[in-house]
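Taking it in order: structure first as structure tokens, then the write-up.
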Amino acid sequence: MDWGFWLPQIMLFSSLIPALVIFLLRDEQFWLRTSLNLGGSAVKLVLAGIMAWGVLAEGRTYEASLPFLHNQELVLRVEPLSLMLVGLSSVLWFITTIYAIGYLENSPNRTRFFGFFSLCVTATIGIALAGNLITFLIFYEMLSVVTYPLVVHRGTPAALAAGRTYLLYTLGGGVLLLLGIIWLQVLAGPVSFEPGGTIDFLLDDHRTELTVIFGLLIAGLGVKAAIVPLHRWLPEAMIAPAPVSALLHAVAVVKAGAYGIVRVVYDVYGLELSNQLNVLLPLALFAGFTIIYGSVRALGEFDLKRRLAYSTVSQVSYIALGTALLGPAATVGATVHLIHQGIMKITLFFCAGVFAEARHIHDIREMSGVGRSMPLTMSAFTLGAFGMIGVPPLAGFVSKWYLGIGSLESNAPWVIVILVASSVMNAAYFLPIVYKGWFGEPHEEIDVVEAERFQVAEAPWSLLGPALATAGISLLAGLLAAWAYSPLSLAEIVANQRMISP
Amino acid sequence: MSLAGIWVILIPLICGLAAFAVGGRSARVIGLIGAGLTFLLSGLLVLHVWQSGVWIYQLGGWDVPLGISLRADGLSAFLIGMTGAVGLGISLYAVRYFEDEDEALTPDPSPDPSAPLRTGAGRGGTEVWLPGTSYWPLWMLLWASLNVLFLSNDIFNLYVGLELLTLASVALIILQREQAAIVAGLRYLLAAFLGSMAYLLGVALIYADAGVLDLGLLADAELTGTATQVAGGLMAVGLLLKAALFPLHFWLPAAHSSAPAPVSAALSALVVKGAFYLLIRLWFEVFESAGTVSVEQMIGALGAVAIVVGSFQAIRQARLKLMIAYSTVAQVGYLFIMIPLAGSFGDPEASWRFEAWTGGLYHALSHGFAKASMFLAAGVLLSALGHDRVWHLAGSASRFPVIYLSFGIAGMSLMGLPPSAGFVGKWLMLRSAVESGQWWWVVILLVGGLLTAGYVAIVLSQAIQHDVEEHTEPHPVPKLMTVMVFALAAMSLLLGLRAAEPLELLEIGAPFQTLMSMVED
Amino acid sequence: MSEFLIYALVAAALFAICLHGIITRRHILRKILALNMMGSAVFLLLITIAERNQVDGVADPVPHAMVLTGIVVAVSATAFALALARRYHAQTGHTELHDEDGST
Amino acid sequence: MENRDPIPDSGPIVRVLSIILGLALFGILATAVLELDVEATGLTDTVMERIGESGVDHPPTAVLLNFRAYDTWLEVAVLLLAAWGALVLRQATRLPEQPAARSPGPVLDWLVRMLIPLAIVTGVYLLWRGTDAPGGAFQAGGVIGAALLLLRLSGYRSIGLFSAAWLRGSLLAGFAGFMAIATLLFITGWTFLEYPPAWAGLIIVIVELLITWSVAVSFVALFVAARPDDSASGPVGGER
Amino acid sequence: MMLYLWLLVLATPLTLAFMIPFGGVVRRRAIDLMPFAAIPALIMALPREQTAVEVADWLLLGSSFGVDQTSQIFLLLTATLWTVAGFYARYYHADDADIHRFAFFFLLTMTGNLGLIVAMDIVTFYASFALMTFSAYGLVVHTRSAKALRAGKVYIVMAVIGEGFLLTGMFMAAYSAGSTQAEFIREGILDSQRSNLIIGCLLAGFGIKAGAIPLHVWLPLAHPVAPTAASAVLSGAMIKAGLLGWITFLPIGEAAMPGWGTLLVVISLIAAFSGVLIGLTQDDPKTLLAYSSISQMGFIATVVAVGLAEPRAWGVAAIGCALYALHHGLIKGALFLGVGVAHETGNDRNRQRLVLIGLTVVAIALAGAPLTTGALAKSALKEGVYIGPEGWSVWLDWLLPVAAIGTTVLMGRFIWLIWRHELGHVEHGQYRGMMIPWIILVGLAFPIVWLAPVWFQVDVSPAVAFEPGNLWTSTWPVLIGAAILGVIWWQIARTPREIAPIRIPAGDVLIPLEWALARIRPPEPDEVVPRPPDPVAALSASWYGLFAEAQQGSRTSRLEGWFLRWDVAGLLFLTIGMVLILFMLWR
């Protein structure tokens, strides 16, 4: 059996099959559904581990090509960059599944939820493994579709309105992407992802077209990456249940966009071509503006999840920014932020979900003193928040560090201003939350009985555990960044691949 | 196996007649056997063409031009295969559907005491036509006539096939004798009649010009005479009317929405393709020399308007079935955009023509499965809830998850979202448009997908909407119906995952022989 | 002007007139009649062609056969349309298709 | 549904447009016809060359029932479908008798008694003549169908006598018989719709006979079935 | 091996800190062990020989640990002070229900403070610095009083701004250096084309922590409101972190930067004087001490400025800095702790006397009287100043003693305030527990400061304090100060009234700033602000509106109804047919 061929496919099927089976279950079949979910995610986790070992330690590449159109194949390939997103989604899917099981206990339509949830992960894994543009496109669009039922899961008019906006944005983005890909393929034939890019030969004859295509691709991807002005769906989509928001923000949707940008810049256009086309400065400017704009908007939001959403808008553009800078360190920063932002933001959303679920807290102004009764949750939140600010030794600092160094390498010192301003603004909108949670006086209505005021009443472990786990990971990812198996080291491998090749 | 082409016509006819002759409940059994056999034979035919190339058969042993020949090339086999698969799905669904319907009709509200009515195959006394009984023979005939149409290689015989198709369709529409269905059926019949007459006049003119009726001979003749050109216009407009291309779609929404669900599915998924098939067959063979870019562009323009108007109308419909019917109006527009793309625009030797050809047909395929699934889904909802008003579907998603899942998948295929067969079609057509530099079609193809999303999403979101009021328990839906709805939707998805082989099938005997080798991505 | 052309032109005129009838007449019966006549126009043209194609006094039998087949097809369609129209009239009392309200 | 006033025919704008476009169509058709080659021969020679193998002498019949038998076969299916479609409109599977069974009166009665045999004879003659002169199954079927209708209209029992099975059988006979023969031959190794030369004449006669009967019954069925069930009448009620 | 010892230094307080959230007996043990948390650090501060830098290549971005001569003195100071403060806090908070919280932040802050001293690379330094900064917030707001919360707010805002400056400077420095090691950073800064920007950023970033004017505004607010033990470490040890940052990462002594030197010296002198002057107007002895810290840090910064301006001076000046920091840290710690002890004396005259004597001793030491630690520290400072740039020593020779006069007067007021207002406020029965660590600190301060130069074999010998010139310069300002105090004493004795009628509120320049900010900043909205319309959302809404409208009544649109008419459709059929035919013909 050719494992290189089968492993990537099994990787996909490990969530696809549970998804399909789950759709056939009834809401009440809790144990079966749960074991399917956990089993699938455990298999995925193990496979991710095996593939990580194979790629990193033994230098293997896993690749599966399946015939699709005339001369067009669907390619699934595992190499360091794809491993990053694969690892992130495998780990976070596992954790989020546990969280979601706890979160959605007794709520209606669980079957639907978990089915689409697993599909969503399948699509993300597909995006991660995509070895060429068309495979990427297929999973990218699949992701748009399968997340829609999750966004509108609650079925309230507000959720439906948000769902419409979400769908229109993502489908619109998909259309631009599709056009860009088709145009590119018409010029270049099937485009696969190779470090350094494969379409240099078009430069002489098709300069303008390549520029326009780049714009189309980035605009299409930018919708999911929530680059201003294409970001509006993200805060709206906050209406979804917490696990969805968590996964959407941390792994699936926004990461798909950001990852796509990384792929397009490094593996389709490549360093040389991107530089010669002068397309990266506009991208960097957009990303930079997004970082600032997202932070400013976050300051003005008082709904916890919306504030987090704008924070995501801001943070995800770090990836695009780093990619656009194109230096070695900036590449490391951008790719490592793929992972770091994921684990930090998912922590925050887990906590927000816990607050909403256990205390019915949705607004920051209601958070006073919540740390007293839920110290662990609040600790996780605090770690996440500090990570976002970029305080060492948390993961966020590592990304920021490399981006900062990278900006100088690429001779774009203005980026430092953005990074620092973003840090300061992150502090400005996260620290008050942390402050209120730990040091604020609890509201009257929260502590019903005075005697219980300092009583610890945490959420159940199925909700708390995931939050603590991701918080712990985000701490470790920063603390042990220099370790050979840290996300940072992986990102360095990724960057090396892209910097050395011509 | 080489004679599958004959049997694929004969078997549904034999089973249809047998079902008609036997009547009663056994009609269902015969119909099912017929469906299964026809499906198998369609598969055999596809296999045969796949392996041995174009299949040509001289009926009665008389050579053309004297006799009539049958021909199955990639295109025919492709459509016959699609008809076989969709037809089987519809048949299995219909088994349960009409069982339900017939039971509902059993306590007949007939006020006429002098004619005591009994259900089923009574001996003596007065039997009644139950829709379920009448359905099977008519459906078998419809299926046969589709196969006749796809296989015939003679323009006059094609006229007869078209009429056969029309009459079978109308008879199926009025199956339940509802007033709305009768108006719709009559309107459809008259419109189709008009279209047939235009087509027939074209046949006469071509015969007057060329003196032969065989498609192959006509293609070889490379006709360019005035009569042929006029005939081309007449035949085109007649077929556009039959294919309900905007603005000649006036008969379609009512006809497709008032028929019973399995019939609606067959009409939208298959019958419309009949006229479309005939048009492209003629256009790229008989009128290859006489056709002009301007005609192609105009047909494409109508298609573009159809996409926009059809989608907008779809969203405005209060009833699900009407919405789906208008969706067909829009999707038919997509099919016709293939004509300018595969037509003579620009370099006649360009590879994009073949891409558009395969893309358009793949879209037809995807639409066949997806639209069948949608209409069948609507049928399930209609029989379970007693209505199909979109506004009142709130909360039904939790009760019919599979139905809505299928609806969503089918919708994805219509939108052309990957991974679905619709995506493959759209991808190829877009490629062709970009390659040939016909940017205006790119825009409409892309916008069309978004417009489609508009109404599909509305249905889904209505269904997902949190249910505020308590509804009565819905009428139970047989599992088989749900399974078939899902199976058809799943097919529209699966065909998008591996399109290489179906696309290769389309190459066999395609009118762009010289181009085939050039299609290198 | 040959005989062929006279008949052919008559056929053309008949076709156009019938089309006009279909468009402007509301009564279903008239529409059906117009359609039927339209068929006749085509058959006339076919017969004309058959006569044109004659060799040694034998007219071309293929158009004849087409006409015969066509007539049956046209008659069938006409008869079916009439049956439907009667039914429709019996149900609604209308003698014309209610255009603006296709969905009722 | 409320009983609306009849809608007037289209307004002047539509009429004028229609006339203009109609004239244009005529013009174009005329151009096309005028451009036609007046000296073509079509398929006449081809048919005449091989008419000997067809089993009949009359060229159109040869084309109809042999060279292009496929057309004819399907055409019978069209007729069958039409009749069938009309039957589906009814609830009852049997066709009803003429509702008002009035006595036909002496003159009509005499006429009917005279005409029916004449019609049958004419029909058979037409059928027989079809082999070498204009005529054939459809003409014959038409005449016989007319006879049946005459019976019915003058108050005699005719098609109403048929049981449901008989009715269906009669309708099917032409098409099914044609198909059965073709299929049998096909199974035994002949090309589909090919007749063994020696048997061609006989087969054609049998097929013609069956078609004649089917056509006759179909016409009557179409006529009768169009009459709606009483039960299914709209609020207006009954035939008017 | 050494690496793990360094890690142990950090792990000890960190582990104890994370034992606290577990509650129960674990928490109690952790609190009991709190005073010993800095013991490993203290031990590591003792060896005379500095070992090589140890690298942990798996930690952060590759951390390195170690101490050099200067930072070892800082480590000694810090470890001592935290240990003493730990014992002190154990009793100070004995009755505090929130002692666990205090202990948690105390230990975390300690970790950060120790970490930044032993860190030899900028990332670890920054990480520790951040840990210290953010954890100290918990100490500042410990009492939850309105004052504390306000101070905390100012503190955290300034801290975040400081982090911003640091981050900016670090990025550029590390990029230029291509490394994070401190030694390379210093070179990198010089090599960088943006060296001035980097220096500016680092000066400002660390300056906030060091209380440099005008970035000091948080300090007089935050130091006093913290619990006394925390105030002691804040003002004694943590304030030196900024200084250490300067010393470690600025390329002082490697290149002459007269511009920066001048700027810093001006700022420092302003701090030295304004700290005294504003301090004099304070009524709260802890606030007064905080201003004194600003002033004292001004003294030290002056020497840093000298080093910036004149590289040659730095070798000696650095030692001076370190020794002065040691002196000030211990003495200021003792002063702050003394305030707490004074509160606890109750009405016991003996206790009050002991406290007053002890405080007076350390106050005199701070003023720099001969034979005190202050005298040694000042003499050591001057060694550096002498080698300083041309002309500077003239001014500094004159200005520093004048500032010392101020310090003396300030300390006089401090003692007076304690004596008149603070003694014996409350009695929790923790007097002994608090007094003993305090007395030990007072007792240890002198020998530590005197012995440190000898022990560490630095270039400056304690004997320098006994040089005649230095003896004199350390004597006369104190005498003049004492004279001034005497005059004031006499004045008060004659007409009992408040001496200083002017009251500058703590935070000085912050007050108008806050006022201005309050005018600018919009109030926190209660309702969600309506967002500007989003075109895409509007599109989806209008699309949905089409559907909703259709569902509520109107059916097929008029246009579509028109298309559905037979005659229209027929005409269209005819038209399209005609057009198609014409197009076919027209080629």
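Going in written order, the chains are labelled A, B, C, D and E, and every chain counts its residues from 1.
Keep this in mind: a contact is a pair of C-beta atoms (placed from the backbone, for glycine too) under 8 Å apart; a residue touches a chain by one contact, two chains touch by 3 or more.
Everything numeric in this text was worked out from a predicted model, so none of it was measured.
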Set of chains adjacent to subunit D and to subunit E: B, C
Per-chain Cα centre nearest the global Cα centre, belonging to chain: A
Interface with more contacting C-beta pairs, comparing C-D to B-E: C-D
Centroid-based (C-alpha) most distant chain relative to subunit D: E
Geometric centre distance via CA averages, subunit E-subunit C, whole Å: 100
Centre distance in Å when subunit B and subunit D are each reduced to the mean of their C-alpha atoms: 29
Rounded Å distance between subunit A and subunit E, as computed from the means of their C-alpha atoms: 36
Inter-centroid spacing, subunit D versus subunit A (mean Cα positions, whole Å): 71
Multi-chain contact residues (two or more partners), subunit D: 1, 10, 14, 18, 22, 25, 28-29, 33, 36, 40-43, 47, 67-68, 71, 75, 78, 81-82, 85, 89, 232, 234
Of all residues in subunit B, the ones touching two or more other chains: 156, 160, 163, 167, 170-171, 174, 179, 182, 187, 194, 201, 205, 207-208, 211, 226, 229-230, 250-251, 253
For subunit C, residues that touch 2 or more chains besides their own: 15, 19, 22-24, 26, 31, 45, 49, 52-53, 62-63, 66, 69, 73, 76-77, 80, 84, 87, 91-92, 97-99, 102-104
Inter-chain touch pairs (all): A-B, A-E, B-C, B-D, B-E, C-D, C-E, D-E
Contact footprint of subunit C on subunit E as seen in their complex: 555-556, 561, 564-567, 570-571, 574
Subunit E residues within the subunit D interface of the complex: 567-568, 570-571, 574-575, 577-578, 581-582, 585
Touch list for subunit C against partner subunit B, complex: 15, 22, 28, 31-32, 35, 38-39, 41-42, 45-46, 49, 52-53, 62-63, 66, 69-70, 73, 76-77, 80-81, 84-85, 87-88, 91-92, 97-98, 102-104
Subunit D - residues contacting subunit E, complex: 10, 14, 17-18, 21-22, 24-25, 28
Subunit B-facing residues of subunit A, complex: 23, 66-72, 74, 108-109, 111-112, 134, 137-139, 141-142, 144-145, 148-149, 152-157, 160, 163-164, 167-168, 171-172, 174-175, 178-179, 182-183, 185-186, 189-190
